[in-house]
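Input: structures, listed below.
In what follows, chain A forms one complex with chain B and a second complex with chain C.
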Partner chain A sequence: MKSPFASILDALTRQRGVRASLVVDENDGIVVDSNLQIGQDGDRVAALAASLYRKARLSARAARLGTATFMQLEAQRGRICAAGRNDLVLVVVADPAANIGMIRVEMIKAAGGLP
Partner chain B sequence: MSITAVEPWVEIPLRKFVEEARTVLGLLLHPSGQVIAQFGFARAVDVMSACALAAAIHASAGELGKQLDGKPFRGLHHPGRDRQLFLAEAATPRGTFIFLTVFDQESSLGLVRLYFDEFGKSLAAAAPPAPRRVEPVLEERFEHELNRNLAALFGRG
Partner chain C sequence: MADDVRRWSDELARDPASLVFLPLGETLRRQGQLALALKIAMRGLERHSHNADAHDLLARIAVDRGELQRAFDEWDVVLRLTPEHIGALKGMAFVRFQQGNAEEAEQFLRRAALRGGDPEVEAALANMRGAGRGPREALAFESGSAGAAENGAHPASRAPHPAPNDARALFADILGDHEQTALLLDGQGLVLAGIYLDGNGIDVGDEVGAELSGVTDAARRASRHLDIGDWRSIVLETEVAVVTMAPSVNDGLLLVAASKATPLGLVRRVLERCLERARQWLEEAR
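So, the complex of A and B:
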């Protein structure tokens, strides 16, 4: 049986260079649903990315910047992107060559559809 | 945060866990309820009662898991309003230990589970080989050993 997040995750995973897409509970850092390529450790990414996103969101609020809409982390061999709504966070792990503009648009659109 | 351990090989893995998982309280104990290490506790009496409760919860959850699932549950999580509790087993060459930790909004269940897995592996790697003959914890010695361990942790001989 498909979860209510399957279509969101499928749309994100179809983007070129996306290695993993996950819906994560922001407070618990636990995976709600995911599409992972072989070799991706979903639990680990979920726990750390949710913690990072939560801190980024709190930092934005502390700096009076309003609601955080999108977070991007650039690393040597790829990127982690996160966008959230209510208690859920969408997390994408992508290659360095991925079209981050398209991924960002898809993620913000998809985050808007999270319950 | 102050970490105290009865067995010194426990200290480095435990310190790493505390630094990474950012939990506020922690206890490592034998399934019998004997404390091995602690962090975040200020009073020996709190450690003593937490150890007794953790050992009892672990025993009950293990038995419940056996009845429901054919094997003991691997971990237990209780969310509270401000603080949450995580309790799980760590297997080492010295035997199985129970680990109990309490965390607040600085951490999350995902992070605690993640770093607990790493803690379990480092603990198993750091553990010296088990003694050839393991003495059972006898009822008549239990209190004496408990008091000895608490004295070692809280510096009262």
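So, the complex of A and C:
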């Protein structure tokens, strides 16, 4: 049986360079649903990305910048993208060469559909 | 005058980024429409946070509203952006005198005199040296006489000229008059350079720096444990802003924030230019 997030995750994983896409509970970093390439540790990605997004979201609010809608971390060998709604965070781990513009658009659209 | 107000209002409605908010706000101030003048000035500052004239306008409105400390703080920002701004020094002298601090008022007047001064400054200094009167008579801000001298010129003719040694203005020429700002933070999240003004024109750089620098610890941890190498940048989009961060030398952090309307690619380019400026500045400081 497919979860309600399967179509969202499938659409994201089809984007070039995406290694993992997950829906994570922001409060505890637990995976709600995921679509992972072989070798990706879903639990670790979920915990770290949710923690990073939560920290960024709270910091932005404390700095009076309003509600966070999208976050992207760029590193030497990969990227982490996150977009949240309510207590859920949509997380994508992608290659450096991934088309981040397309991924961003898809994630913002998908996050709007999170319950 | 009514025609001017209408014309400026129309222009501002057509182009919210227009600098006509300066003469419009000043005219409204002189007409005593302080609430409206304040609203115009605040909206202008949201788009032109590095414009010294905008802070000068807000300071004079604040004086008229009896908000002396706010006026002083605004003129302090003006001086950071344009250290030679005589109007700001006169305004700060006026505020300090009104607050009962004649000694500091005189210091500001002396600084104004050293920067060229004008007959008002000389008269105020003479008054203070002589009968012990204050600068109030010479620096008649309430009536707008000093403001009239300062603001008669077209706004574009008085663009800010940040001093090269003013750390708060380090990125001013890169940022221009757009809705963006930059901060260079040290490893502890303390501001080394740049300025971050809130909607009231108050510098909240320390507060914002402290809040956002904490994100870098989480970024470092995530990139290390996920084996994706050292982090290079973070982009955080919110309802009202785009914030980009990147590591600077000596565990520092550079932060550029822009309005939501600013294209993301442009913000990233500004970040890169600010990073290079910060690197050069820190090297020179060694």
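We adopt the following convention: the second predicted complex is superposed on the first by the 115 of 115 C-alpha atoms of A that agree within 3 Å, B and C clash if a C-alpha of one lies under 4 Å from a C-alpha of the other, contacts with A are read in each partner's own complex, and residues count from 1 in each chain.
The working rule: a contact is a pair of C-beta atoms (placed from the backbone, for glycine too) under 8 Å apart; a residue touches a chain by one contact, two chains touch by 3 or more.
Because the structure is predicted, anything quoted here is derived from the model rather than measured.
On the superposed chain A, the two partners chain B and chain C both fit, without a clash.
An angle of 100 degrees, to the nearest 10, separates chain B from chain C at the C-alpha centre of chain A in the overlay.
In the superposition on chain A, A:51 makes contact with both chain B and chain C.
When the shared chain is aligned, no partner comes close enough to touch A:11: not chain B, not chain C. Within the superposed three-chain model, A:32 lies out of touch with both chain B and chain C [touch as defined at top]. With both complexes placed on chain A, chain A has more residues touched by C than by the other of chain B and chain C. Using the contact criterion defined above for the overlaid structures, shared-chain residue A:70 touches chain C, although it does not reach chain B. When the two structures are aligned on the shared chain, A:93 is found in touch with chain C, with no touch to chain B. After overlaying the two complexes on the shared chain, residue contacts for A:60 are found with chain C alone; chain B is out of touch. Once the two complexes are laid over each other on the shared chain, residue contacts for A:43 go to chain B alone; chain C is not touched. Nowhere in the superposition do the C-alpha atoms of chain B and chain C come closer than 9 Å. Under the contact criterion defined above, the residues of chain A that touch both chain B in one complex and chain C in the other are 44, 48, 51. Of all the residues in chain A, the ones that touch chain B in their complex are 24-25, 27-30, 43-44, 46-48, 50-51, 54. Residue ranges of chain B in contact with chain A, taken from their complex: 105, 107-111, 113-114. Within the complex, the chain A residues that touch chain C are 44-45, 48-49, 51-52, 55-56, 59-60, 62-80, 93.
Of all the residues in chain C, the ones that touch chain A in their complex are 198, 204, 207-208, 211-212, 214-215, 217-219, 221-223, 225-241, 243, 257.
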